[in-house]
Structures are given as structure tokens and as C-alpha cells.
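Report on the following structure.
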Amino acid sequence: MTISSNAPLTKKDFSSDQDIRWCPGCGDYSILSAVQNVLPTLDIPKEKYVFVSGIGCSSRFPYYMNTYGFHTIHGRAPAFATGIKLANPDLSVWVITGDGDALSIGGNHLIHMLRRNVDLNVLLFNNRIYGLTKGQYSPTSEFGKRTKSSPYGSVDHPFNPLSVALGADATFVARTVDIYPAHLKETIARAAAHRGSSFVEIYQNCNIFNDGAFSSMTEKTIRNDQQIELVHGEPMIFGKERDQGLLFRDEGLEVARIGENGVTEADLLVHDEARARPSRAFQLSRMEQPEFPVPIGVFRAVHRPTFDSEMQAQMDHTLDAEGPGKLHELLNEGDVWEV
Amino acid sequence: MTISSNAPLTKKDFSSDQDIRWCPGCGDYSILSAVQNVLPTLDIPKEKYVFVSGIGCSSRFPYYMNTYGFHTIHGRAPAFATGIKLANPDLSVWVITGDGDALSIGGNHLIHMLRRNVDLNVLLFNNRIYGLTKGQYSPTSEFGKRTKSSPYGSVDHPFNPLSVALGADATFVARTVDIYPAHLKETIARAAAHRGSSFVEIYQNCNIFNDGAFSSMTEKTIRNDQQIELVHGEPMIFGKERDQGLLFRDEGLEVARIGENGVTEADLLVHDEARARPSRAFQLSRMEQPEFPVPIGVFRAVHRPTFDSEMQAQMDHTLDAEGPGKLHELLNEGDVWEV
Amino acid sequence: MSTRTEIKHPAPQQVDRVVVRFAGDSGDGMQVTGNQFTNTAAFAGNDVSTFPDFPAEIRAPAGSLPGVSGFQLNFASHDIHTPGDSPDVLVAMNPAALQVNLKDLPLNGLLIVNEDNFGEKNLTMAGYQTNPLEDGSLDGYRTIKVPLTTLTRRALESVDMPRKQVDRCKNFFALGIMYYLYNRPTAPTESFLKRYFAKRPELVEANLLALRGGIAYCEAARIFQTTYEVAKAEFPPGRYRNINGNSALALGLVAASQQASTGILMASYPITPASDVLHALSRHKRFGVMTFQAEDEISAICAAIGGAYAGKLGITATSGPGMALKSEALGLAVAVELPLVVIDVQRGGPSTGLPTKTEQADLFQALWGRNSEAPIPIIAAATPGDCFWTAIEAVRLAIKYMTPVILLSDGYVANGAEPWLIPSVEDLPRIDVKYRTDPENFHPYERDTDTLARPWAIPGTPGLEHRIGGLEKQNVTGHVNYDGENHEMMVRLRDQRVRNIENDIADAEVNGPDRGKALIVAWGSTYGPIQSALQTLRADGVEVSHVHLRHLNPMPKNLGDILQRFEQIIVPELNLGQLTTLLRARYLVDAKVLSKVQGMPFKASEIVDAVRQLGSQS
Amino acid sequence: MSTRTEIKHPAPQQVDRVVVRFAGDSGDGMQVTGNQFTNTAAFAGNDVSTFPDFPAEIRAPAGSLPGVSGFQLNFASHDIHTPGDSPDVLVAMNPAALQVNLKDLPLNGLLIVNEDNFGEKNLTMAGYQTNPLEDGSLDGYRTIKVPLTTLTRRALESVDMPRKQVDRCKNFFALGIMYYLYNRPTAPTESFLKRYFAKRPELVEANLLALRGGIAYCEAARIFQTTYEVAKAEFPPGRYRNINGNSALALGLVAASQQASTGILMASYPITPASDVLHALSRHKRFGVMTFQAEDEISAICAAIGGAYAGKLGITATSGPGMALKSEALGLAVAVELPLVVIDVQRGGPSTGLPTKTEQADLFQALWGRNSEAPIPIIAAATPGDCFWTAIEAVRLAIKYMTPVILLSDGYVANGAEPWLIPSVEDLPRIDVKYRTDPENFHPYERDTDTLARPWAIPGTPGLEHRIGGLEKQNVTGHVNYDGENHEMMVRLRDQRVRNIENDIADAEVNGPDRGKALIVAWGSTYGPIQSALQTLRADGVEVSHVHLRHLNPMPKNLGDILQRFEQIIVPELNLGQLTTLLRARYLVDAKVLSKVQGMPFKASEIVDAVRQLGSQS
């Protein structure tokens, strides 16, 4: 490892000199800021970071990071990132993407990257709209949404991004929100620490084309009743008075009020992000309003060998076992004759 | 509806005059035969059937069906099929695909079709190999598989096709096996009856490039202990002596022996394919050998409005509400002036 | 409030043509302002031509250089073809707009600036060290400083509205000033506001107050010594509307599908500058138009082909990068011979390139961007209104010849507007569709002897069950076939079927003498600038002819003959010479490209200069 | 068992060239048989050239016409360039093979058939009404009927093996017959069998018994009156091996990456006939070659570009439809200027087309299959062995000019084999890689003054942090930039950088007089047939010259001059005239295409005839 300098890095080291071109008020700003805050804490030299993105408002992110960056083409960032990580496993690779970029055109690359468990971090800015192309519905827009391309209301049933990721055997799956800086930073740091593909859905407000998309859970007044923070090893509890929680009943999840019907805190489910099978995390990913509060936090974090390390191990092992290749021998392999 | 003839249809009506070009012994034959057996029972005129496929051994299927057929390009059959169904919702549309076609190059179209719930039937011939291109590993091949393109063993963690489908909110998800003709036919008939996207994974033996891929569950001698047939409303029971079953314990699934530790048949989970949320079906999809028997049957069958019917309803409703469009008026819309 | 304001003004001076450019921040509403002026001018009987110049796909910080949005329009008492090479009047709402646009304003041009916005922060963002309003750098222009923000606030004092919203009305104040200057009626804008803000009457009022405030200010402050008037242009009689290219495309597609009674399945994925075609068509359900926003461009074209297979007119619209993604499926469309219209609204490239800028560099991609020999007819639209007719022609060819057809438009034509003579429905070309229904002797690849088209036999038809696909097929039967001679025959049949179209399209017309020294050959959106250039050149006595190609594959039969009759051939293109290459290869003539690749249309003067140089060389 | 069998035979007759075609069912092992004969001939010092002709991608029923697999080889005592126009000997393992291949056998040709397979079922499947072995229809040929199945069973009586496996050995029995006929040693095949079935000694034994059985049968049954011998050919001295195009490509890529010390990230998705390049490279981990089987072709090229960004040599290989899918990403590769080698092993199209057949129709796609102006250097391999050198050249250009390079091969070159003079490592070209490391004055788009290449600055290097992408960039700084003039400059710089390569490649060489009546210009795999044709033509005193282009973009600098010096230019291509179009457009010469689109290479005679016709016209 080459260390570029001995002084500890600061947020400023990660800010590029390019003017930021997001609308004033866009949720992207706080995510940028959170990332710039987290990276200096990670003990990775600046030159090892690579930010890879597709196309979209969110995908302009790399330009604002004073790191290596690759603004690629629409939907393909996971494929580029996979190539980068394979070519140099020593890099810290980040994929920045939007709901359209990752889940519409890029859905296939995303799920393949997740199943392979390439060691990199995906931040999916979900604003439930195509921002850059000025407001068409996306695969996470709600059924019936009226947009430029759906004047009569969209008839698309939306994806649940976390369910998609879990269906693809993702090893790290989390959700956070643009306007919760502390949670955002914490989640990003967790993602960075995870070895393998870390998939983080970030609810992000597009105040121009889809303002208030998440206000039904983030509005200050209702927030505590409409969301639940998943914390590993802690009971699943929520509510302004922390008097509600999740129970496992009749083979399914249920919201219960502590103190009512004899429910005590001890009855509540305890969140375990490390369960070997993804079924519980999947079940949590299905919690939707109005029946349930919206979970945020780390749904799943398990270990599985990463694609890049397995690939590298195979390379190394072959080299060890067979010795470095000799070009002369390779050229002269097989049936050879002399004239 | 136009009925082409009054005589009841038979299997022969569905066999085209083209020579079948699969290897002798290929599992594809029995699937073809099953489909040709099921269709005459469906009360749909022959001319309403359209078989759409991508590229692969399996994708040659339409040529052998004496129906309308479209052998398209690799991975894109769901997109073609969506267009066909939108253009004419009156057709019975079938997508025939392979593990490479559907899950490698075509993964994105597949999951989008499933979330939209386009009313059609997908038969995915999973032989865990690329047959047509002569034997490279596929996204369902096991980790470590040695093939032409992975002489040192593949380091790809495979997809679980049913989990992928459920992660994408599929409304009908089933699994069956090429060599179980009765179950195959039954499952295909169920798929045909379902309104919405029916996703059927068919374990299919490629005796040339991946012979015996499923023998660890289909071998006659072990079959009963290594697989479990899911039947709606029935307890989940299996074993040669039908003495084993599935329990829900410690928030997870477990195999138990009836009669041991006080377990009775009444304790066993009862299969409910119609649960509103996909979590249970997802959990079942995670059952893998050696810990569990492999489930076959219908994992999930729920109703959700189909994309094509919603789209058509919107067309019809607009027509009703606003009346048929008049071209003259359209041309003269907005600010118009006379010279 | 709804009464019409009569504008009082000094006796206006008659001019025959004015070019106005509005420039401001993306948030300043310059596009609305420009469109209002355009409509009003058109209503008043002028010929108009517009050029909206958006900032690129991204949101730039308010007041920054990349955030500048512009709208130029040309209105005249005679036939015009372009938005004008350079503005007579520049309205600059902030320093950045001034910085970006001033270079285009000729000396002594009229410059109207919002002086309220020339504070230090904005000046710095625009890269000014000193204030241009004060440092004498604008001395060469007739500069009028207007405290637009202040005046707008004053005009709207009576309205109870947040300050931010009040300030948003300043574009209408500026529009009022321009209406005064050019003696325009306010009625069209009034009725627009009422329609547009039907549900928000307070905004109607606010904007009207601003508009009238601008006029009143001019009268009171007497900022102009003269006002101007542009007389009506002569138009062929008929009903007109303003139309931009993307709207015209959508209308043309609907019209054609009505003529053909097929209905439409339009499947697209949003991309600048083609998204508006999807947006427009998504409103036309009453016409049997179904739109499907697919997950990507590949899915979109595949669904459209599926739709065509099932009997609908299949349509997909995209721009360069999306077109690239459709390459593989286009090859299949060629192999299965189904009617499909693929629209490529070209933009600057390569790759993501300059998404909001125009270019004509996808011609090669359209012709050859597929594996193997996969010929597709290609046509291109010359002007916004022409998009309508080009769309109809695309549909006609697709259906008649059972083939995908590529229609090339570009950002300039797509967003630019012009008055459009509304055709009467009776005058639209008929498009006959014959779905095959007779099972007798049905063969899916038996061809019409004239067109070489195969039958359109759609699922649901009893007795016509058959299979199609991308593997090579035996002629007539359509069965999979790997025989070499059959393959060659099929390759040549597909080729011939497209070539046959040359017998079904109009001969190329020469605008000007049909032989001589110099010929301009061109295609697509260069039409406007070339027309303007011809006017100038001819006025100067320079003799030059022009052929404009709508059909690029195949080209008109007589084109070769025409080319031989000229000594010099010049091909203005917004690329490095794509049509030029085709002409040279096909006709072995020494055609020379006049190339411009700046994300902008040609200026007429650039073509004039090039033609003049030709003359001096020969 | 391991002793060498000495073949006894009547005194052989010397011939200088023989063409043998093995044809049978896909399951009959014709490819192995053909390859064995090839190796043996090469070992014996003959020049060889082969043409494997697989059944299409599908599995056909045993005994059916589409299931026929063929392998033709030409071996000679002189320099040969093609597998021969028509066979001297046809070995037909069943009626279908006879049906498909007989038309190519000249009258009086030698025909060897497995009469055991001419039962009714097989005859019917092959479309025979009556048995051709009996109905006199083979009277024109020297037919030898051999009960191959029976004889093989008999030869293997001693082996304890299922009947099915015994029957599979009959190809080696047939091979034995051919070895006898042409006096070939069995040693190479013996050692092959031992290597190949190292873990299954019973198969070694069985096949050897069959092979020797064939020879013994000939001796005993005296089915041939004469045997033949083909003397050694004259080769430049050196070490040789047989090589097919795909293997040579893989070797060339490994060699180049070793010369450049970059390592390789090869990302591909399987597709016929390119998959073998992936297969071959996946074995070379010891050489720092990492292979990634991606989920599709788009992912593959994107990963390869990612690998190039991170400092490895990025490679992807595909065929036509996969190439189409890579179009969009290729545009990005042009914009970001990274070294990448894209291999297109062309096959018959359009669309899925004829997957196992050859064609040269992706030249246009390679040149122009992208949105906007996105120039990419293109080179093509002429012969199997030439693939090695072409791969090295592709890598050299990619790295030196920081650009994607497209390498065109095709099914014929990919699967065909020829003896290849193994180069010594010292003779390979050097390839210098200079990763940028110095942060001083680093600008990601500052260009080398000679090559116009930008620096290769890879993540992980301190102080060089920078951003790249597909939006237009300012020259030098690489910042996103939408300025029109900068855009035009960048478009022209990218173009010029590719054009500059013309100064770095060899002049085109004229084979034959450097001026005259007729010139053949060609590219890629037509090389062999053209060489053969030239031999014939020159032997007949017809004067014709030939230029074979390895570099198709840019073309050699002197090509224009050469073309001007000939009266007639003929361009044999396996397409409808793609290079022809380029030559016409660029040089305004009336080049004429000699087109063949049958999924098959040219026969030398087809070129001979075309050239002769030229002569008669002029």
C-alpha cells in the first residue's frame, strides 16, 4: 500500500473543485456530505477510492469527490465496478446509482453483482422518479403515479429494492434516509466495513419532480410512529413513546403495543442481521405502510467469500501450484515439429 | 373469439412438422410433450397460442409447436412477450427460456415482467448449464463447477431462481422436474390457469453437458427423502414412509420426524400458496439440500391485477370518458390561427 | 382583469425581421417566455422560427454559467427558415446569461439586462472581475438597464404571495417590455395563462400584472425611443399552429396509425431529447395509442417488435446511446420482416456526449449499426413541421414493405418550432394494411411480387400458425435453413426489398438550376440554414442549387444524374461527413463535406461563406 | 500396444496435393478424425489447411441432414492457402453425409462410404427414395463401400465395452483406412490418444485397435489399387505447430500482455464461434490472465473497460449479435480513451443468422456501429496463424494510442488450422506501457504530442485522483464541458488520434506488379483463397496483383497511390461490398465487389473466374 501523505484525511480532502450541479434542496447534497464525512474515518488512502456511477442526477456524484471516479453509462456501473475490483482488489470501490439506473436499465448487472458478492459498496439513491430526464415514473414509483410519461397514472407495480437485493442473495442490505445524517453516516460506515457487496438503499427526496415522496414516514410529527430502526441484537421497538414493537405471531410479523394484551418488551422480536438465511431479512423488507412502520438500518449482514477474493485466490493458487507461466513454453505447447 | 374448428384439440394438433433437434435423452423432450398434452385441455383455440423464446437449446421449443411462435434473441423473450400481450390481450402467451437465457443475459427483463405481472406463462428450463454453446457454467451452476470456461472451477455463487422471482414480486412461482410427467403437466396446467405472470422453474437434465445435475434429488432410491411436494392446504410431509415433515420452530423451518420428540402430523406446517406476502414462499425457496428436501410444486399463487389488463382498462376507460379521438380535432388542438 | 390591454406607443418603425434572444438562469423561465413570444408573433401573422438552448442534462447552481438557458426566436414578415444567426436584441436576466451570450450580439445591438441581478455574488459566478454594467465593456451596445426584480415586486405589491413566487414572475415583466417594443398584442398570452394556471388563479393574476407592468413601465419610463412593428408574412392560406418537431412526430404517428387503422404500441425508455415523443403519445389513448415505458431501450424495441408481430404498429423512440442499445434487436426486426418505426432524435456524442445539444452523427449508425447485412430504410425530417410528414412516410414504408424503418430527427428539429399549416384529414396519404387471413397456400415468407414484402399474419388468425425468428430462413416457407445458396438469396432479397423503395418515392428535386457550378446536398435539420443561405446567396447573385434528401436509404433514383450535372458538390452536415461518404461511395463524385460539430445548427452565414469559397476556388 | 505400427502398402504414387473430406453425423467424431489427419500430415512435413464445417448451433436428430458435420483438409508438398475447393476423397459415414456432400465431389473422385449405415431409416432421413449404393447414381465416382460398423466391432471384439462405445470408434477405423491410403504414420495419433484418454486406458486401446484395424483391413482386403504419398513441403526452417485462429488469438493476447507486463482482464460472454477464445484464456492464470464470464456482452465489455481503467489490458471477445450489444459501451470507451481490445469473430447474419457459418459482414458495424463520431482502429486477421500477430498488433495500438481497438476474425479463420512457425519470444515486438505516476502538472486529457494519447493514470496512484466519463470533456483538463468549440476540437482530436496510426503501420504491399490492369484488394480470411487463386492465375499467365489489408482503420498511407495505378480493382468479400464501399468513398476509385454471402469461404476458383472475367471485359 502506498500512503499518499501522513496527515489524517479530512472531509475537505474528499471535495473536488467542481461546482455541484444538483437543484438547491436536493437530497443528494446530504448524501455527498455524509460520504465525505465517513471516508476520512476509514483508514484507506485517498488514492485507493474509486467512485463509479451510471447516469442520472445521483450519478454525477463522482465529479464532486476528489477521488478516482468513473461516470459511466446508464445502468452499467456494477459491471464497470466489477471489472475495476477484479483488476485491482486493493481498491475501495463504490457504486453510486439511482432507482432508474440501478433498477430499471441496470437491474441485471445489479443482481449479478450481488449474487457474486463483489467486494464493493452500492449507494442507491432512491427518489422514486427519473430526475435527470425531468420526471418520468421509475420502477420504484407507486402504482397510479401521474408523471410526464403516465398522464393517466402508471400501471406498473413497483419493485421493493431490498426484496430484489435479497432475492439475489445479497450479503449486506440496508436502508437509510437522506435527511438523517447520523443514521446515514453510520449506515455508510457499516457498508464500508462489510466485505462483499454492500447494498444500501437511501431514500432521497427529489424536491423538483417528486417532492415529499417519503414524508409519510419522515415528517417530524409522525416519524417515530411510522418508522422503526433495526439494531442488531436489540428488540424491534418503535413509537414516540417506544411503546410499540414487532411480534412474531401466526407465522408472520405483527405490530403490537407493549402493555396491551399482556405484551412485554421481552416478547418482541430481537433483530438479528446475521442470520444465515435471508428469509427473515426478506420478511422485514416486506414491511410497508400503513400496516407497518418502515424499517431502516441494516437488514442483513452475513459473510460469504467475495468474488474478487475467490478469483484472486484461484489466480494465486494456480501460480503457486504451477509456477509462473513461461511464454516460450506456452508457444511451444502441444505437438510441435521442427523443419 | 374466433374458433378455428369444432373438433376438440389433441396433442397432435400442437406438434409441428419440424424435426426436433435436441440430443437424444435431453430433458426438453418430456417438457415439450407435457405442454402438448396440457394445451388441448385448456379450451383455448389453437390460433390464440403464442410461444416466445430467446436463444438456447430450450428456446428452440416454439419450432416444435404447431402454434404461433417467435424465436427471438438471447434473453429478451419477456420483452417481446410483453409487447405481444399488450398488443393483443386475447392471446395466450408462453415464454420458453433457459437458465442462461432467463437469468444471465435476460435477468432484467424477467424481473420486470414479473413485477408488472404481465399475464403470461414462463417455463424456465433449468439445466444449470449453457447447452447450446456447448457447456459453459450458467448462473445456476454450482460454485466450483468445472466447465470449458471455468477449468479451475467457477467462483460464481449461483442464483436461486425462485428467490429471484419472489424478490421481484412474482405472483405465481412453481418448480417441477422434467422426468415427472404427471407433476409437470399438473404444474403447467396450474400456470396456465393463473392470471398474471406464472413462473415455473423446470429442472431439466442436459445429458450431454451436465448429466445428472438433479440426480441427488431425483434418483429413484432417494427421491422420496430428498424432495417434498408442496400441496396447497396439505401438511408439508415427505419421506418414503411419509414420516418426515416441516416444522416452524425458532422462527425458522426445520425438518422433523413424525413420532419422534412428540411430533405429530398436526404439528406440521400446512402449505398455503395464497399468503398475501411472499415471505413464506421465499422461505420455502431457500430450502436446499442437504439440510432440507427440495420442494416442488406451487410455492406461491396470489392475485394481483395484471399489467395488460390495467393497461387495457386505462385505454378503455379513457375512451369511455373522453370518447374516441378525432384526428381532425387533434391536429387542430391548441392555439390555431387562420391565414 | 380579463379585459384586453391596449398598448400605447410611439409610432412604430416597420422592420421585416427581428431576432430576439432571451437568456437567463434555468429557473428564470426563459423557455416559457420565448414560447409566449413565439406564439404571439405567429398569431400576429409573422413567420417564426425558434431555437431553445437548454442547459445540459444537469442542474447547475443558480447564477452559474452552465445554468444558463436560452431561447432565440426569429420572426419576420417574410419566409424564414432559421432562428437567425445572431440576435438583434438580447435579454439577459443575470451576469452569467450576459457572459455566455454577449459574444453573439452584434455591435450596436440592443441589450436589455436585469440590473438587480448584477450583485457581487452573481458577477463572480459568471466570471466577471468588474461589473460590465459599469466598466464600460458594454459601450458598443445599446444597453438598457432595467431593475427587473424591483419593478416586478412593485407591480405585484397588491398580490399576497411569497416573495420567491413574486420574483418568479419577472420573466413576464420582461416579456411585457418586449411586447411593448414590438407592438405585440397581449391577448394570446393572457389566454395561455388562464389555461395553463386554470387551477391557480392567483398565478394568472400575478403573471398578468407582471406582463402589464412591463408594458406600463416602458410607457412611463420611455426607455425606448422607437418601437418596431413586423408586418404579417405571406403564408399560403389555411389554418396554422406553432409546432415543434417532437410534437409533430407524435401527431404524424397518430395520424398514420389512424389512416392505417392499426393502433399503436409505442414502447420507449426516456432519453433526452426524445422523451417528449413518449410523453406526447401517452396522452393519445383515445386514438388507440398504447404507450409502454419499458425498463430499457432493448426491452422497448423488443416490445415494439412484439406489438408489430401481434398486429399493431410498433414504435420506439430514442436518442444516440439508446439507439446503440437497440442494434441487436434491429437485426432481428430485419430478419423477421415486421413493420416497425424506430425514431432516433439525434444529440451530441459520442457516448453520453452533449445530451441537450444537437448533432447529425447517427446516420452511419442507422445505416450500419448492426451485425451482418441488415438493410433498413432511413428517412430524415428537415424541419419541425416536416416531422409530421416524415412520420407518416415512415409508417407507410414500414407497413407496405414489412420492414423496420429508421426515422432520424435531431435536437434542433425536435425542440425548435415553426408555424405549421394544418393539413386536412382528407389530404393525408392512405395507408393500406392487409393482414393475411386466408390459410390457403399460406407461406410466411412468400413475397409480394412488387414490393417483396412478406404477409402480415398475426397471432389469433386461425390456420396461419407459423414460427418466425432470427435464424436464417428458407425463402417462402420461412423454415430454419442453413443452406448457403438460400442464405445468399435471402440476403439479396432483403437488400432488394429496401432498394425497391426507390421506385416508390419522389425524385429528388433541385432547388435552383438543374445543372451548374455548385450543388448543395443535405439532409435533416440543415434544411433551414441552407434555405436562409440560399436567400442571401441568390440576393447576391451567386448561383447555387440545393437538393435536400428526405430518403437516405434508398436515395432517390435520379440523384446520381443530378450529381453528375454539377461541378462542385458541397454537403453541409453536423458530423464529420457521413452523407458525404455515402455520396462519394455510391456515385463516385468528389463531394466535399462542410462539417460542423459544435452541438449547434449551422448559421446561414457559415453556409454562405462556404459556398462563396467554393466559387473562389473553382 | 505402444509400439509403432509400420504400414505395408503397394509402392505409393507421388502426388503433390490431396483434399480429403470427412463427413458424418455430429456424433460420428468427424472433427477429431479430421484434426488427427491434419496433425499427422503436418507432422509429416506437409503444408495443411483445414475447414471444419459444424452443423449449426442446434442438435439435429442422428442421421438427419442438418446433423451432418464435415471436416475438409488439404495437405500438400507445396505452399497451400485453403482447404481446397473440392475434395479428392470423400469419406461419408452415412446417407445424410453423402446427400449433403456428394455435390462437391468431382466426377471420378474417390468416395468411401460406411455401407452399414445405408439402411432404410437412414436413407429416408437423408431424403433418398432408393439406395444410392445400389441404384447406380454413384456410377460416376470411384466408390468403395466399407462395412465400417461391422468391421469396427470385429476389430474390437477383444475389448469389453458397451456396444455403443465400440461403435463410436469407427471414425478411427476410417482414419486408419485413410492413413493406409496416404501412407501416414500412426505415431502422432497414438500419442494423441494416450494423452487425450490418459485416465481411460480402455478407450486408448479401443481406438488404437480401430485405427490399426482400418489399416489391416486395407492390407487384407486390398481395397485400393494404389496408395499415395505427398512429399514434405518446403517450409522456412523453424519449429512448427498446427494452430487454429482462436487458439492463435489467445496466444497472441497472452504474448502481448507479457510483453507489456500489464496482465489481462478478459471479460466475455459465450457465443459461437468466439467462445473458444474465452476457454483458451481461462487456462492461463499463470500468465496473469484473469477471465470473467459476465452475465452478458454489455457487462463483459463494461468490466473489461473497468479493468483497463484499473491498469490491466482489457479484452472482450464476441461475435456479431454480441458485438451489436457492445455498441453503447464502445462509444464510452472512445470517450474515456482507455486501452481495450474487442474481438469480433464474425459469423453469418443478420441477427442470430447462421451461427456456425462464416461471414465478413461486420466491418461496417465495427467502423460505425455507435452513436455519433466515435472512431476506433480496426484490424483483421488473414489466416489462423496470423491471428497471433494481429492480436499483438491490436494490443500494441490499444496501449500506445490509449484507444479501444477492434480485431475482426471470422468463423473460417477461427476454426481453420494451418502449420504455424512458432516465433521466438525475443522476436516479439516490444510494447511499452507508461502508467502515469507523477502528480506534477498532471492533466487526464493532456495528450502526447506524437500519438495524441492521453496518460494512463490508474486508481491507486497517489496524487492523480481524477474523474472520467462519457460526457464531453474539456481538452487537457478532462472536466465536463459543453462548449461547442471545445466539442468540435475533441471530436477532431479523437479522429486525428486514430488517423495518426497510419504513420505507425507498414505501407500496403503489392503482391505482384505494382501497376497494371487488375488489382485484388481484400481483407481478413479471404487471404487464403486469393493466394490459391493467384497461383492458378499466374500459372496461366494472367497478370493480377493483390493487396491484403490488415489495417482497415486507418488504412495504409500508400493505399490511395496504389489504387490509382491499376485499371480495375476487384474486392472479394464475404458480404455485399463493405470494404468496396470504403475504398470508393475514400479514394473515388471504381472498385467492384466480388461478393459471396453463403456462410462459406471463397473457393479459389471463384476468384480465378472473376479475375478472368475482368480481363475479358477490359
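Note that the chains are named A, B, C and D in the order they appear, and that numbering of residues resets to 1 at the start of each chain.
FYI, a residue touches a chain if its C-beta (ideal position, glycine included) is under 8 Å from a C-beta of that chain, and two chains touch if they have at least 3 such contacts.
Source: prediction; values computed, not measured.
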B-D or A-D - the one linked by more C-beta pairs in contact: A-D
Greatest separation from chain A - chain, by CA centre: D
Separation of chain A from chain B, taking each centre as the mean of its C-alpha atoms, in whole Å: 29
Separation of chain A from chain D, taking each centre as the mean of its C-alpha atoms, in whole Å: 45
Rounded Å distance between chain A and chain C, as computed from the means of their C-alpha atoms: 40
Of all residues in chain B, the ones touching two or more other chains: 55, 73, 104-105, 107-108, 112, 139, 152, 156, 311, 314, 318
Touching two or more other chains - residues of chain D: 66, 285, 295-296, 321, 328, 332, 336, 351-352, 469-471
Residue ranges of chain B touching chain D (in the complex, touch as defined): 19-24, 26, 55, 57, 60, 73-75, 104-105, 107, 130, 132-134, 136-137, 139, 148-152, 154, 156, 208
Footprint of chain C on chain B - complex, ascending: 2-5, 16, 18, 45-50, 52, 55, 62-63, 65-73, 76, 79-88, 90-91, 108-109, 112, 311, 314-315, 318-319, 322-325, 327-328, 330-339
Chain D to chain B touching residues, read off their complex: 57-62, 64, 66-67, 269-272, 275, 278-279, 282-283, 285, 291, 293, 295-297, 321, 351-352
Contacting residues of chain B [partner chain A, same complex]: 104-108, 111-112, 115-117, 139, 152-153, 155-160, 163-169, 248, 251-252, 269, 277-280, 282-283, 286, 304, 307, 310-311, 314, 318
In the complex, chain C residues that touch chain D: 56, 66, 319-321, 323-325, 327-328, 330-332, 334-335, 346, 348-357, 359, 361-362, 364-365, 367-374, 469-472, 482, 484-485, 487-488, 491-492, 494-495, 575-576, 581-582, 584-586, 588-590, 596-600
